[in-house]
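You will see chain A twice below: alongside chain B first, and alongside chain C after that.
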Partner chain A sequence: MKSYPSLTRITEADIDEIALGAAVLGTGGGGDPHIGALMAKRLIRLHGPVRVIGVNDLADDDIVPPVGAIGSPSVVIERPMADDELTRALAVLEEHTGRRPTVVMPIEVGGGNSMVPIAAAAVSGLPILDGDAMGRAFPENQMVTFHLAGYEPGPVVMVDHLGNDVVIHAIGGARSERIARAVTVEMGGSATAIDYVHMGAVVRECAIPGTLSLARHIGRILLDRDADPSHCTPVDRLCEALGAFRLFDGKVADLQREVRGGFTRGVAHLAGLGADKGGTLRLDFQNEMLLARVDDRPVAVTPDLIAVLDLVTGRPITTETLRYGARVTVIGLPAHSWWRTERGLETAGPAYFGYDVPWTPVEELARQARPASQEENA
Partner chain B sequence: MKSYPSLTRITEADIDEIALGAAVLGTGGGGDPHIGALMAKRLIRLHGPVRVIGVNDLADDDIVPPVGAIGSPSVVIERPMADDELTRALAVLEEHTGRRPTVVMPIEVGGGNSMVPIAAAAVSGLPILDGDAMGRAFPENQMVTFHLAGYEPGPVVMVDHLGNDVVIHAIGGARSERIARAVTVEMGGSATAIDYVHMGAVVRECAIPGTLSLARHIGRILLDRDADPSHCTPVDRLCEALGAFRLFDGKVADLQREVRGGFTRGVAHLAGLGADKGGTLRLDFQNEMLLARVDDRPVAVTPDLIAVLDLVTGRPITTETLRYGARVTVIGLPAHSWWRTERGLETAGPAYFGYDVPWTPVEELARQARPASQEENA
Partner chain C sequence: MNQTYRLGIDVGGTNTDAALLDVDGQVVKAVKVPTTEPTADGVINAIDRVVSLAGIDPGTIRYAMLGTTHCTNAIVERRGLSPVGVLRLAAPSTTSVPPLEGWPEDLRAVIGKHAYVVGGGYEVDGRLLSPLDEDAVRSACRAMKGEVEAVAVVGVYSSLREDQEQRAAEIVIEELGVPVSLSARIGALGLLERENATVLNAALMKTLRSMAEGFLRALEARGITAKPYFGQNDGTLMQLSYALEFPVLTIGCGPTNSIRGAAHLSGLRDALVVDIGGTTTDVGVLVDGFPRQSATASVIGGIRTNFRMPDILSVGLGGGTRVRDREGEVVLGPDSVGYRLTSEALVFGGSVLTATDVALLMGGATIDGVAPPETDRVVGARAWEAIRELLEETIDRMKPSAAPVPVILVGGGSIVAPEELAGVSELIRPEHFGAANAVGAALGDVAGQSEKVATGVDRRAAREEVAADAVHRACLAGADPSTVEVTSIEELPMAYSDAHSVQIRATAVGRLA
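Right, the complex of A and B next:
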């Protein structure tokens, strides 16, 4: 991937670009970009631009809470975060630990959960870290680089729109996730959460750097109004810039989606269009797109990234806004190297989610598929 | 009811009497008396007798945490509380509030949950209050006199055997209960909990006084080996001493019981014996016995107390240890006046539990039933 400029501050004008790009990296999850962007823009308007600091600029003793929304994106769309949830979450954390946070970070890259920490930074006056703990979005709390590096979730602070708050100290990330998820359900299906609060030294070790800047870069590529549409579609531009694999063009022919256990879960079937005519792509998701299979053959498997984009505009479509009849392109991207380790695959590979499919790198699957799809197109 | 002696200290020798009597007042719930008694006896043996103080002896600024088990009694039987749960719960409370507890109290009267605070008092060296917040046992957290008097649950501290702990600040007792119950399920179905921590002044207002001494009194009546068995059965002695109503003698003919949502729920049908031959009593329970109907006619309705006793020994039987074929007597007792108010009935009356039965005082139901049952027996 070519290099891209680093953010140093985030103004209202940057928000839509970041939200759009984050929704691509969010692989359909991480919350609704539109709702998140509205909140971030309003709070920047009220409190001023947000300062951005790089992962390598963290001091050892910085206290870096990742702030985000937990729960079902379907719920967040219908009941956006209350105004005071962000300040209350930071206040409960400070009261509980007796230490004042110094830098806010995104726990993941995703339309909503890239916006929530920007909003939290705006409202609290703290800078935001240009980096996150997934390099994408994932549905469960322990699916973070901190967990892969062996760090505990620490106190999990959860607050809801009604004024309830909960602090969880759990032994191990998986248990922490289970308790937090149960609390989320009782908080009405979504909540504001802080977990994996670490010192600057640990965050420098674990954070995937530059992901907010990368999101802005992707957003700019998609929104580039100077690009020549006859020459190259937004999807082509994006795939070229990211080194992504264009896996399938199709129309949503069948969609099952439900909100259960604090997640949005489902399956979509896409009927092929153009070069993919006659084929079917099946997409499995749990908040995020996790598995793409063409005619039963895996073409991209979690933890690699699967993004569903509008066929014409290249705009990312979340698992929540996917709808019957939509014409889309599915693209695949290699996951960050953190996820391609044994512990990464154990934590967020296909077996964890119950898919009886081996993990094969998306670039390898693309290589295998090329001769076959050329035959099909012959 | 005749007066009974007040406890001033609790030694190992008192435990079985208290556990037995508390299990009668616990109406089938409040945890298993045997497991709780074993724990309390062991901790008194290790740490010495527990000092008991009366409700009126509380100082205004005493800090009085009710300590108990939350969850399904079925789980507690199979996985007793870990040794360090009590001290950890008190430590988390102190760390969270910055204030040291001075007196431990039982949240309810029930076999297990009368023992847990005694054990907590033994292990912490604090005195225990001779009083509780229900005067019986109830399945949900907000079913306490504090709630009836309009006090909030405050911080709810929960710890489990694995070392996880959670602190909940919820708006309102019902929400607090829902979140705590969800956490209980994720903690494996039972946990140690502290909620409704109040100052001495509030506890003097709300606690139902003398219930530990009353439990000991009941235990002594049942265990009285000097009593003449030809003259009077333990059940008769108990009914006479308590002014209780002997509602039905029968054999458990049908029993459905399941652990669901952090509760033990079920229905038992008793086929009548002796004077009740030919009749059927249906018992509905959710941790506690909540409704008794003879041939569809209510004979005792929550919040009034319904206890199931062994027909011969008078020993109380919990909803968990009730078994097919058991020969039992069902007795009814008027609830404390706290529960017979509008708010009391709203909180723990039949409608709350989903029973389409009006609440009528057990003494009134007994009066109504007398002519009818005399006809049946004619």
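Right, the complex of A and C next:
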């Protein structure tokens, strides 16, 4: 990947760019950042810009709560959070632990949870960390780098839109996830949550650095109105800047979606367009896009990132808005090295999601798929 | 049985078109006259011309359909909109994004400052979020009294239960006596998009009412006793009472009517429709006789709404598009001389090189009584090539596949299109191509849509209930109950909430009663 500029502060004008990039990193899940973006813009307008600090600038004794929404994106779009939810969540944490938070961070940069911590930073006056614990979006609470490094979620603070709050002390990440999910259902399907609160030293070790800046960078590329459209498409520009692999161009020819175990699970079949004409891509998703296979051969496998973009505009498409007939490009991106470890693959690899395929790095699959003659052009 | 007719009228920003169709759907006559302000005079002119050219008795017109971009233009141009009070039934929830958040300032200024979040709403599983705070509704009404002309009432999860919205509307009518628009009747899940659509709907009620009254006066003045209908986004019709309640449903009918009209005039059911007007070219896709719908949230006048609109790609090429020579490179538009074409284009004795001039010079197009313009043929050839490239690229972007497709050319500016285009299997210029909008308006069936979140385990019963409601709504819109069919039922599962929650959406369509 080519280098990109780092954010030092976030103003109202940055929000739409970050939100768009976050939707790409959401790999089809994580919820549409639109509502979170409206919320963040309003709070920045009321309280001023948000200061951004890099992962390496954290002090050992910083207290860094990741703030996010937990629950169903489809509830969030019908019932956005109450105005005081974020400040209540931070207050409950402080009251419970007796320590005052100093920096907020995103737990997942993908989707709507990129925006919630920016809003929390704006309303609390705290700086935000340019880094997160996923580098993408994932559906379960323990799918974070803290868990991969062996840290526990600690007390989980949950507050709802009516003024209720719950603090969970669980015996481990997986239990914490199950209890939090049950509380979320009781709280009406969506709530504000803080978990994996750690000291600066731990966050320096675990956070994936630069991911908010990366989201902004992606958003800028897709929104670039000065780019010459006849030269290369937004998708081409994005692939070049990120070192992403353009896996397949196609049209959604068949789409099945169902609920199983609390997830939007499904399969989409894409009929190839252009250079991919005649081929078929099968896309498996569970809130996020998790597995892409071209004619039965895997081309990208979780935890590597799979994003579905509009063929013309490059705008990301979520698993909930994917429609029959949509013309899309599927791109693949290497996951952060945290996910490519044994524990990373155990936590969020294909087997965990019930797919009987081995994990192979997306760049390796791309090399295998490409005839030798094209390799020099790649 | 005596011959009867359908009259389709399209009131656009520049022209008002009228088309007269017989019972078999054949176009008897089509005419074009300038749009007037107020619009009723233009409508009367169009009716007079089409009736006299066809030589029929106005009493034999059985249905009169009006398609209009009037409401769309009102939103885009921020004119003729009513100030609206907004009552969101949701407190203490949802307050992180208050009503009208993210609206452009100029539109917000028109709508006014009366937006309130009061106690109310339901949860995703149908539990009460909060009881309706009737006192808060009343005090909000008193605060907005005299400063709003309509009220939008929007309850969280009102698609599950709309009783709170109905009760709030009763109070508003008691306190203020102004029209009320309920979000549960407007549509889908997604509070902000539904709220935006409900507010726009309320803001357009007066606009549509005055337009409808003009239309009715025009019909009455000419002794036409036909039942009046209004075109809506999906290419189907609604009757007067329904249109007055849901004016916002007209905002996508312009391109829809053009695509449906093109389908009818050409006899094709699958094709691209290229509608070239004076300033822009709109390319839409005809799939099995209906416009392909856009997959993304539709944005109108800077406002995100939840309407399914036809998937249209617009580019700046029309009959009046200015052609400039910049040091050997030809640039098309994006500006246009618009309705001044017949005075400003070279070919009409003006001084501006337009796309129409280029077509006459290079493309072999002709206009009766006009000779091709005298201008630089090198520039002309380059401009002709630029027009071809722009059209070919636009068509390619909208094509469902790489295979060549038939293209139906309609619209007053369509003479600027070359006879042969790459990627096009057949280029069809149907008769009456200039009035495709009015023809499309005249064709409509009537539809009803319904949507519910089903939280029980009995999904089949829920599907049947939603389908029955869609049929009921189609009949309300004027369909003959014996012809109504459910045309689609979609289910969208809802993650996390609970395993049995699904969103079910049904559409029913029938012929006019």
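Everything that follows uses one rule, which is that the second predicted complex is superposed on the first by the 365 of 378 C-alpha atoms of A that agree within 3 Å, B and C clash if a C-alpha of one lies under 4 Å from a C-alpha of the other, contacts with A are read in each partner's own complex, and residues count from 1 in each chain.
Here is the rule we use: contacts are C-beta pairs under 8 Å (C-beta built on N, C-alpha and C of every residue); 3 or more make two chains touch, one makes a residue touch a chain.
Because the structure is a prediction, the values reported are computed rather than measured.
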item: Partner chain in contact with A:85 - chain B first, chain C second, else both or neither; value: second
item: Touching partner for A:291 - first (chain B), second (chain C), both, neither; value: neither
item: Partner, of chain C and chain B, that touches more residues belonging to chain A; value: C
item: Which of chain B and chain C A:168 touches, first, second, both or neither; value: first
item: Partner chain in contact with A:183 - chain B first, chain C second, else both or neither; value: first
item: First (chain B), second (chain C), both or neither touched by A:331; value: neither
item: Touched partner set for A:369, first chain B, second chain C, both or neither; value: neither
item: Doubly contacted residues of chain A, that is, touched by chain B and again by chain C; value: 162-163, 181, 185
item: Footprint of chain A on chain C - complex, ascending; value: 90, 92-98, 101-102, 121, 123-125, 127, 129-130, 156-157, 189-193, 287, 292, 295-296, 304, 397, 400-402, 492-503
item: Of chain B, residues touching chain A in the complex; value: 96, 162-171, 175, 178-179, 181-183, 185-187
item: Residue numbers on chain A that touch chain C, as the complex places them; value: 34-35, 38-39, 41-42, 71-75, 77-86, 119, 161-163, 181, 184-185, 188-190, 251, 257-264, 273-274, 277, 287, 310, 312, 315, 317, 320-321, 323, 325-326
